[in-house]
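Two complexes, one shared chain (subunit A), two partners (subunit B, subunit C).
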Partner chain A sequence: MRQYIIRRLFISIFILLGVSAIIYGLLRTAPADYVSTITNGIPDATPEMKAKLTELYGLDKGIVEGYVDWLSSALKGDLGQSFIYNKPAQDVIKDKMWVSFWMALPSFILQLLIAIPLGIISATKQYSITDYTVTTIALIGISLPSFFFAAVLQRAFSMGLGWFPLQGMVTAREDYVGFAHIMDMAWHFVLPITVLTVLSIGGLMRYSRTNMLEVLNADYIRTARAKGLSEHKVIYKHAFRNTLIPIVTMVGGMIPGLFSGAMITEGIFSIEGLGYIGLKALRSGDIPFMMAFTMFLAILTLLGTLLSDILYAVVDPRVRLK
Partner chain B sequence: MAEEKVLQTNNQPEEVANLEKIVTPGQLVMKRFLRNKLAIAGVVILVCMFLFSFLGPLFTSYGEYTIFFVKDGVEFSSDDHKGMDPQESGVKINGKAKPSKAHLLGTDKDGRDILVRLMYGGRISLLIGFVVVGLQLAVGVIMGGIAGYYGGVIDNLIMRLVDIFYCIPTLPVMLIVSSIMVAYGVPQEYKIYILMLIMGILGWAGVARLVRGQILSLREQEFMVATEAIGLHPAKRIMKHLIPNVMPQLIVIATMGMGSVILAEASYSYLGIGVPFPLASWGNMVNTVTDPIIMREYLNIWFPPGFCILLTVLGFNFVGDGLRDAFDPKMKR
Partner chain C sequence: MSGMTAEMKKIKKAEQKEAKLRMKQISKENNKIIKKFEKEKKRKKVDPSEYQTTMENPDNIIEIDNLHTYFFTDMGTVKSVNGVSIEVPKGKTVALVGESGCGKSVTSLSVMKLVQGPTGQIVDGAIRYNRKGGAVDIVKTPISEMQHIRGNEIAMIFQEPMTSLNPIFTIGYQIDETIKLHRPDMKDEDIKKQTIEMLKLVGIARAEGIYDCYPHELSGGMRQRVMIAMSLSCDPQFIIADEPTTALDVTIQAQILDLLRDIKQKIDASILLITHDLGVVAEMADYVVVMYAGKIVEQGTAHEVFLNPKHPYTMGLIKSKPAVGKVVDRLYSIPGAVPNPVSMPNYCFFKDRCDKCLAKCNGDIPELRYISEDHKVACHLYDSKGGK
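Here is the complex of A and B:
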């Protein structure tokens, strides 16, 4: 097991190297660098000023040299200054990822509470009206474009009914503190959390359903029924526990993703999470932050797959990782 | 004959049918698929969307970019001036018109017919879906096939490449690519091809993983030993004997992939990095919702395109889901 994890981590380093090289190369081929973006707004910026800024931000080196530089300082834990925040990129990520996390966590919990029971019910009543309804709802959730659903919610619940605020994280000019502040934020998070939840329920629900169906077709379920157990016991004691194996694996793999931020949803609701900041950084050519951000996302993806593989072995005693 | 009669008296016409006719696996899949009401609903939705987008424009005289003007209550378009001059004073663009007989869904803020733009937007979305999924399948099948068939070092190399592509965050890369295109002044009409290419390149990893996994188990089976014994060329062995066995999974992944590619393209267009203006696309039509006045007052401008995306993607998901159930030999129905 330990050997397996070490080997996977070793491979992960190579994957991260590959990802960073591709992203850095792409970023540097874009001539729309940060220096020309900021100096565009200043009519009397002299070429000397520009050159100085370019040097300051390390854009004067070639792509390969720049990448090696970036890599060596990244290995020392320095991901460079974010141009637009004037702060080390990793500090910006550390700040903002918690906003994204607090938005993603409630939606994640809701998702578990709704999707898994629905998946189980829909599997036990396969091809019934309940199954069709649940499946339809799940697939609609998967098929909804986030920006469209967000707009519909905004139009209905904040413009139409006035129940929730349209955008933002806190009410402007109301300096709530303590509990009131938290409630104010929660109030602002209702719509974005709804969007995230509805969009992600379908995947987990379908997954639970498929796995439950597989378990229900297994021989030991027939045995359980044959020895006269009640249907309730068969499903919740024998079938459900075995369905939990793949579910735990998948859910565990989703946890790192809670920090990644939702670019489009955060953008629409003006929530200053990682996704929103990332989108802004991308638009203004903030290379150090972009690099840090994409690497962060890549690490989260890798962690997710690693975690789900490890959980697979932990939960299911039959699995031995080599 | 006597046997048949006995069965018929048992009142089991279905069994008789099975005895008389041999059901091929394909027919079995078909039968299971047709029993699934949601899958049928999906097929109906998709057929309607295809007809709407590809045949719809034939039934209207308005073009994709036709702009409508109005003067003293009389409407004319940039295609058909009706003897009037758009430059004339007192002529206004007939923008944000409410739904009427001439414009069933009204016009957008630049005075173009929304219904017609919806049709052209559908064309683009479906076309991008097909091209991108085709690209992903082509690259994925070749890479996955090679990795699974040869194994060893080649497999290792290809799979690490798959891991890398799997980890690259798509949306940031699309944003970077779009700003590169802007910076180099790529003409609008080429952008869409580059968009499709990048989406294809970024999305093949999943297909390759699936194909490789399947082939790893298939190549150990007897029929593959037989192909080796008769000395078939590896390319033929992969393409003729391995890939057809992965076909069911490929069809499912392609159908579902159509949905997700259309959804992704819509998000890119919404962010302004997808289908470039003045081409119509559902995503950039929904983008008008960022104007609060349009969001509040003109539902006819932003709701229909969003709903079209939802319906089309839903159609593909219904069909894909139905196909997966139909292909699954474990599903008894």
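Here is the complex of A and C:
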């Protein structure tokens, strides 16, 4: 097992190298670099000034040279200064990822608590009214675009009823501290969390339902019934444990993703999470930040797949990692 | 030309529409029927008098009487078991033979009330089970009561040992679970002892080691032994073995059969053996029941049916069995195929494949009739002879 993990991590290094090269190339070939973004609004910026700025930001170097530069400093642990924030890119990520995390975690927990039981119930009552209702609601959740659903929620609960703030993370000019601050943030997070949860319940619920149905038709479920076990035990012990195998591996793989931010939802609710500022950085051509951000996403993805493989071996006695 | 295709398209469309409508109607009617049966199965607190009954012959352990098990599919009703009557005397082995899809497995699952719901339902008939506390009719017994019978008094061995054990529990746990369920006052260590004893009984040498193994670590033959150990762990009076050797290779088959026979002697149980392997029947069975398309075509002692087969289908079956020491160009096979289960003909189901047809065969479906004291056959060929 340990050997397996070490080998996987070793392979990951090469994957990250490849990913970074591709992304750097793509970012550099994108039209409109950072200098043109900031000089756009200044009509009397001379070509000399622009050239100087370009040199200052290191954008005058060729793609290969620039990549080698970036890589050599990245290997030393320096991901470069973010153009926009004027801070080391990794510090920006460190700050903002927790915002994304505290928004994603409650939604993640709610998702599990709602989607898995619903999936199981609708599988055990296949083709019943309950099943159709749950499936329909789940499909509505999957098909709703996040911006639309967010706008509906904003309209109803903040502009209409006034229960929750329209956007932002804290109430302006209140300067709460301690517990009051946390409560204030939680209050601001209610709507975004609702959006994230409702939109992702459907997928997980359908997944649980399909898996449960498959397991319920398995021969060993018939054996369990033939033993004389009650239907409750058959479903919640023999079937559920088997259903959990694919679910645990999928859900485990989702955990690192909690830090990656939700671009659209964060944008609509003006929440300064990673997704929101990532999009901003992309628009203005903040290459060091984008590099750090995408590398961060790549690492999270690799960790997610590794975690899900390890969990597979943990929950399923048939799987041994070598 | 184009006009014709348009016309044809129209007809086709109309046909499709009609088929769709018919299907909808069928599924609507099915739902109604299924709901009724499911409701009855799920009842709790049923007065025992409702399912108590008396055996016709107290020496029988099971009397299946005119059993009808149907599957209500969207394509129509499939009459998998269509009026089957089987008696299993105490301490005897009855073999149920027939080709795939003739209703053998459904008959056996009906006895356990394990027919895959909600489409599959026992619609008519009785399954009288000679229980120690008094005979019961399994068809009327609610599931909650069946759970005391399953695994405890009637046990079942399935045909797929590779997939019949739960992959995420150890062998020991799965057998323990059965014992614990039916013997709630037994101590944990006694249960474990009993489990290991059962594993030894079925010829597993390293029983203690196997106790902690997961199913995937065992071979098919071993798993079938485990399945047998599990089904015998509560000393059942009646064992249903649904093609216990089909998935195993020939050398293991013989071992498993020997094992079943030995154990049957030891615990004095009765066996309903389902198989399509006539070699197995010859070796094991006291009585043979031959099924074809949901009905019994021939029934009698193993000796009679084997040496003196009467029904053309049975003859065909015996002829199509490979025999050692006999030189044949090509193994015999019964021509044709089983009729469509949704729309069964109203004459003898075997007529279209039979090489001994009479004019009479176009008439009613032949009934199962005695042709001698211990031999029954359902064929018009024997209408004049004997009869009850």
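Everything that follows uses one rule, which is that the second predicted complex is superposed on the first by the 309 of 322 C-alpha atoms of A that agree within 3 Å, B and C clash if a C-alpha of one lies under 4 Å from a C-alpha of the other, contacts with A are read in each partner's own complex, and residues count from 1 in each chain.
FYI, a contact is a pair of C-beta atoms (placed from the backbone, for glycine too) under 8 Å apart; a residue touches a chain by one contact, two chains touch by 3 or more.
Treat the numbers as computed from the prediction; the structure is a model and nothing was measured.
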Report task. For A:E231, select first, second, both or neither according to whether it touches subunit B, subunit C, the two together, or no partner. Result -> second
Just to be sure I read the superposition right, which of the two partners does A:R283 touch: subunit B = first, subunit C = second, or both, or neither? first
Kindly classify A:L274 by the partners it touches after superposition: subunit B alone (first), subunit C alone (second), both, or neither? neither
Practice prompt. For A:T29, select first, second, both or neither according to whether it touches subunit B, subunit C, the two together, or no partner.
Written response: first
Using the touch definition from the top, say if A:R318 reaches subunit B (first), subunit C (second), both or neither.
-> second
The chain contacting more residues of subunit A, comparing subunit B with subunit C, is B
Determine, under the contact definition given at the top, whether A:A262 touches first (subunit B), second (subunit C), both, or neither.
neither
Report task. Classify the contacts of A:D219 with the two partner chains as first (subunit B alone), second (subunit C alone), both, or neither. Result -> second
Overlap of the subunit B and subunit C interfaces on subunit A comprises residues none
The answer for subunit A against subunit C in the complex is residues 218-220, 222-231, 238, 241-242, 245, 315-318
Note: in the complex, subunit B contacts subunit A through residues 37-38, 160-161, 163-164, 166-169, 171-173, 175-177, 179-180, 182-184, 259, 263, 266-267, 270-271, 283, 286-287, 289, 292, 295-296, 299, 302-303, 306-307, 309-310, 313-314, 317-318, 321, 330, 333
The residues of subunit C that touch subunit A in their complex are 112, 114, 143-144, 146-152, 155-156, 158, 160, 163-169, 177-178, 181-182, 214, 216, 227, 230-231
In the complex, the residues of subunit A that touch subunit B are 11, 14-16, 18-19, 22-23, 26-27, 29-32, 127, 132, 135-136, 139-140, 142-148, 151-152, 154-155, 159, 166, 206, 214, 217, 263-264, 278-279, 282-283, 285, 290, 293-294, 297-298, 301-302
